[in-house]
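Next up is a structure, given as structure tokens.
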Amino acid sequence: MAKYKMHVLVCGGTGCHASESDTLLENLKTIVADKGLDNEVQVIATGCFGFCEKGPIVKIMPDNTFYTQVSPADAREIVEEHLIKGRKVNRLLYVDPENKEHISDSKHMGFYKKQLRIALRNCGFIDPENIDEYISRDGYEALAKCLTEMTPQQVIEEMKKSGLRGRGGGGFSTGLKWEITSKSVSDVKYVVCNADEGDPGAFMDRSILEGDPHSVIEAMAICGYCIGASYGLVYIRAEYPLAIDRLKTAINQAREYGLLGQDILGTGFAFDIELRYGAGAFVCGEETALIHSMEGLRGEPTVKPPFPSVSGYYEKPTNVNNVETFANVPVIINKGADWFAGIGTEKSKGTKVFALAGKINNVGLIEVPMGTTLREVIYEIGGGIKDGKKFKAVQTGGPSGGCLTEKHLDTPIDYDNLLASGSMMGSGGMIVMDEDDCMVSMAKFYLDFTVEESCGKCSPCRIGNKRLYEILDKITQGKGTRDDIDSLRNLSYVIKDTALCGLGQTSPNPVLSTIDNFWDEYIEHVTDKKCRSGQCKALLQYFIDPENCVGCTACARNCPVNAISGERKGIHVIDQATCIKCGACLEKCKFNAVFIK
Amino acid sequence: MGQVKSLADLRKIKEELQGKMSLREKSNNPESLVQVKVAMATCGIASGAKQVMDFFIEEFDKRNIQAIVTQTGCMGYCFAEPTVEITLPGKEPVVFGYVDTKKADDIIEKYVKNGELVEGIIPVNYETIEKK
Amino acid sequence: METIKLTIDNKVLEVAKGTTILKAAKKAGIHIPTLCYLHLHDLNIENKPAGCRVCVVEVAGRRNLAPACVTECTEGMVVNTHNIRVLNSRKTVLELILSDHPTDCLICAKNGNCELQTMAQEFGIRKLHYEGEQSTYREDTSPAIIRDVDKCIMCRRCEMMCNEVQTVGVLSAVNRGFMSVVAPAFEMNLDHSVCTYCGQCVAVCPTGALTEVDHTNSVIRALADPTKTVVVQTAPAVRAALGEEFGMEPGTLVTGKLAAALRRLGFNYVFDTDFAADLTIMEEGTELLDRLTRHLNGDKDVPLPILTSCCPGWVNFFEHQFPEMRDIPSTARSPQQMFGAIAKTYFADKINVKREDLVVVSIMPCLAKKFECQRDEFATNGNPDVDYSISTRELAHLIKQSNIEFNALPDEDFDNPLGESTGAAVIFGTTGGVIEAAVRTAYEVHTGKKLEKVDFEELRGMEYIREATIDFNGLPIRIGIAHGLGNARKLLQDIKDGKSEFHAIEIMACPGGCIGGGGQPLHHGDSSIIKARQKAIYQEDANKTIRKSHENPYIIQLYEEFLGKPLSEKSHHLLHTHYFDKSKDIKVVE
Amino acid sequence: MANIKLSAEKLDELKAVCKSFNNDKGELINVLHKAQGIFGYLPAEVQEVIAKELNISVAHVYGVVSFYSFFTMLPKGEHPVSICLGTACYVRGAEKVIDEFKRLLNINVGETTPDGKFSLACLRCVGACGLAPVVLVGEKVYGRVAPEGVKDIVAEYAK
């Protein structure tokens, strides 16, 4: 067996993949082989490093060098300079935005400093397609421990003690859920992993499945042991081909090793896992809808109770947890509930993975202890707002969540605080908005999503959300009134009160939260017909500055609705009533005479 | 690899594999370990730096010393090649010149294990290699 | 029985464990409005998708409102069904539903009979606070049913009927979100689907989304045409239900008033489908005995059991779904079609009217009959045996438009010769009736003995699948009965699997038989109405002096004068039919 | 008897897919995925066959097909263009990119150009938020696409 002196880790996450990290990987491998280094240098693809903004990422061990934005063409230089001559390729190092210094150890980067990686512990560190690497990092140790040293009830107690809560959004105690399912009497039970991550702008589950699939497999087996199930299903989005491939590979490897299948580790415990594919329906993240979808039906939710723990997949007791929740389980068993419970806040233990995106410098996947403040996340990890703009709000919880503003910046993030602030944890999408974002439009964006994704089963969600969207649209078109804001409110409360499932019950949150936090902006839209961010096109007005206008007629000639009048060499004027705000005049004017107000 | 039939099996596999992964594990926290940097520019390689590096890697392993061996570019002491920089946890880096395998053995036994200085230290006034 | 104590609107009550808030409230005399919820108690049919959200109530300690239709009572639960939060939510939800619903109530087929309209009226809706785009779809007109799904409120009752009860599987919720609606595959027209036109979807639709094709105008036109002689036949189940349309108690028999009304509408001859039902027994009963005798004589090629064929929904069902078994049902035409065939031959000759100048109208509890009378095989040179089939509901409209005060009409008799019938014919209107009528005749023909007792209680009831053994003088005849196509499917599957031990099986497509047909006055979820109609049917039978089909003097006369004997060549030509394979086949195209 | 038109070869392939899932109706979605993989879309005939093989109603199959946005009954263009409309992409201007594609290709979202070259669709978060806004043409990902860059992307495939 070759004893490698150096490991080159190339990010194989979807983000980096999209930036040709696969070609980069191939190039590195080829050049390393050409140089005869293939016995000394191991080039492997790992899961996501999280720092997607700067992808593709290449990390070189043992030098602990973190290269960012590496293109396939950079492979030769990395091999020839760094691997052969030991000289770091400076231009590929991360530059500290503050002191402009090159940083090679990721630990010293603001992005990683505050992070604590539990669920993502193996992402960007191991080769997800190699079970050996997982095993060498205590992989399947927790399963072995449970099977050989603990009773199912002891494991459940440990889970309860750890304080782990569902990471899919609900925040229900994982241990308690397992306990309920374990107590449901049935000959057949199921473990389901919800990998139907559908929040727009959230990709934490995908990253875990791509970067560390075995941790989910191991946890599902542990759960199966606890609740008395020998069959597991992963419901995964078909839009995640890479994660599907990695998961399939991992399941096959685990089967080969006898870590899935009959008589696992000689204990008589049997467990196996199959995949079920989602097909593009956000509502299938709701567990009853997910179960119906797995049964080959439309993904329509049904009323709870009965909860899946009692009657789920084919009416058998079914324990549904999401990917991130499962990823925490082996660590809790290995390091103990007390260790885990020592992290986080009083009622929210451990860490949470967030997908940081939007108008922020460091877009990417982060994992922080519960209780970290938004300020730390946005300014220290996220590196602040893009282009030095002003922070306006951060949306958490996706379409079910709400906006947090300046006044929430120092609130420690946990389930209860987010709920109290009018938002929710959700699955972990965190979208940062700056002064250029219109909050009415933002609410409209989310409602557009909900309308598109509503299953259509219950009337408040099917019709009510459509009406919410229409009112918001009316406001952004400059046709709104004060009454419309009241209507939005009343309708929102009714939908929350009457919708059938979690999707409908939370869909008005972006509306209520933006009304609460950005009341002034709503009022401006309806009374002053103004959008301070300039995002609502219909509320813009185009003017011609008489100082700069030379009367070239370019604007008038290009106006599609003949809204511009003026003689050649004379000053031109835009008729506001006719103007459709297409922006053609602005584009055509060579004299900077057209401006927007 | 065959089936993992028991907890003992699993642990055995893990131990076998850990050697492979230790390189990555250790280098995540280099400050707590012995760090050895071997200058591997043209001049270094010409004077046998590669053999010295291999020696360090193998011997640390054999003698069960938690250390990280990396290569680095020319340190600028071409006269004294092969040169090796050793950083003990919590200490300032020390550079040794004219290191061959015998000298390397000395360095491990005396400096790394016991903190005793060995002949051949190059008095340095640089900060770290990185900042050069 | 485990019970639970709870409080609803300050009333303390005790209910069985598992009782929903809706049922508990009903017990306490509190009416919680519902829209999608449907419970046909006597037929064991329940639809509770909890989708409309109109029945929400406040449960103390619960974050949101609870749908009363599916939320089970728990110990100590405190429920409020009409505080301001509930009322506002309920009203807003209804307004939302109305905001996506056409407001052409005045010209809607369901005007005055629409559950959504009634609710809007009860809630005092005067203004829609949330107006916007409406979901619109293509209208679909089939031979029997019109789908105007702009009016669909996604209660899913029709979908449940079509799939769970009837297992026909034509309808499904399609699309998602705002555009979701119940429709056939690819949103194609019903006549391209495997629809049986049983009309059970229409029977439960709370709005005007599903209605029958209205043929009343054609009937009015025919009646006004001086060159036409218009003959009407009316099915047994109609007389047990029509009264409901005029405010009478369910189960009121209106046979005499019905005949009187039809006469006043201007029909030249007021006949009875019951006459043809007796004729059906002659043909079908003889066919049964023929097959049975051949089978007993060792002819193993004779298929048994024999299945009844008078229900057109059922015929459509097996042609689409079990075409390979189409030699099992009796070849006898349905009473409607037998009547038409006899009317346009035997009777037309008798009154010396040319076939083309004779118009046959049928009054049916059924929508599939509209399709049946349009089948090509039931026409001669393009002239159908039955010209128009209208439902009980359409007849009620016709009577109302014609200024006839139904309730004040005297009782009158049907005309002869096609208006005379026996008790055996009347019971065709309920599940179990056809086979009981067949047994009455077959027994006497087979054994040559007179029946001591004509009431076969063992064949009656509402249970979905019933079986009984009738002793034919030492020969035990095994009888099966199924109503509802889902139950028919079960029996068919048994036959297919060789598990059936029956000699004869009666199948009716609609739950309850024709009394529960898709063309009957709407029951709006009250299944006791169907039970009352059944009672009325058996009462009519008991009232008849002649109760066996073969004793109907006009039937005897018909055979003597015209047909010869049952299964004669003429009978075959006029009274029997053949079935088609309507399944979709996968054909390979190069 | 109504006929369903499919070539013998494709029909066998489709039947084999159903069989590989034991003709289990619970596997409908998996079957549809595979079928769409074979045909590129799910025409009515394909759904009819699947219904027959899995012993469920065609309405059921269509109910499922029309529920999930991943399934389509329309053939896609030779170069399917998908624009990510995840929040990250939206915030970074994906809408303008869509508008530009619509303008250049002269089709709406969900449509295919008359020559069958391009079709336009929106996606929900492909998870490449670091590259927002993201456009996919077939399998190829274009990151940080500005409206001005759209014509270059189109030109790349227009030949």
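Going in written order, the chains are labelled A, B, C and D, and every chain counts its residues from 1.
Basically, contacts are C-beta pairs under 8 Å (C-beta built on N, C-alpha and C of every residue); 3 or more make two chains touch, one makes a residue touch a chain.
Because the structure is a prediction, the values reported are computed rather than measured.
Think of the whole protein's Cα atoms as having one middle point; the chain whose own Cα middle lies nearest to it is D. Separating the CA-averaged centres of chain B and chain C is a span of 90 Å. Between chain A and chain C the centroid-to-centroid distance comes to 54 Å (mean Cα coordinates, whole Å). One simple way to say how far apart two chains are is to compare their mean CA positions; for chain A and chain D this gives 23 Å. Chain D has its Cα centroid 43 Å from the Cα centroid of chain C. Multi-chain contact residues of chain D, defined as those touching 2 or more other chains: 56, 63, 67-69.
Shown for chain A are the residues that touch two or more other chains, namely 281, 298, 455. Residues of chain C in contact with at least two other chains: 173, 175-176. Going by the touch rule set out above, the chain pairs that meet are A-B, A-C, A-D, C-D.
Residues of chain A that touch chain B in their complex: 1, 3-7, 9, 61-64, 84-88, 104, 107, 125-126, 132-133, 135-141, 144-145, 147-148, 256-259, 265-266.
On the side of chain D, the complex with chain A involves touching residues 24-30, 32-33, 54, 56, 63-64, 67-71, 85-88, 90-92, 123-132, 134, 141, 143.
Against chain C, in their complex, chain A makes its touches with residues 281, 298, 300, 302-303, 305, 451-460, 462-464, 466-467, 470-471, 487, 490-491, 494, 496-500, 505.
Residues of chain C touching chain A in their complex: 49-54, 56, 64-65, 67, 70-72, 85, 88-89, 92-93, 96-97, 99-100, 129-133, 153-154, 173, 175-180.
Those residues of chain A that touch chain D in the shared complex are 14-15, 17-19, 52-55, 198-203, 206-207, 238-240, 276-282, 293-299, 314, 355, 357-359, 363-364, 395, 398, 429, 431, 433, 437, 445, 449, 455.
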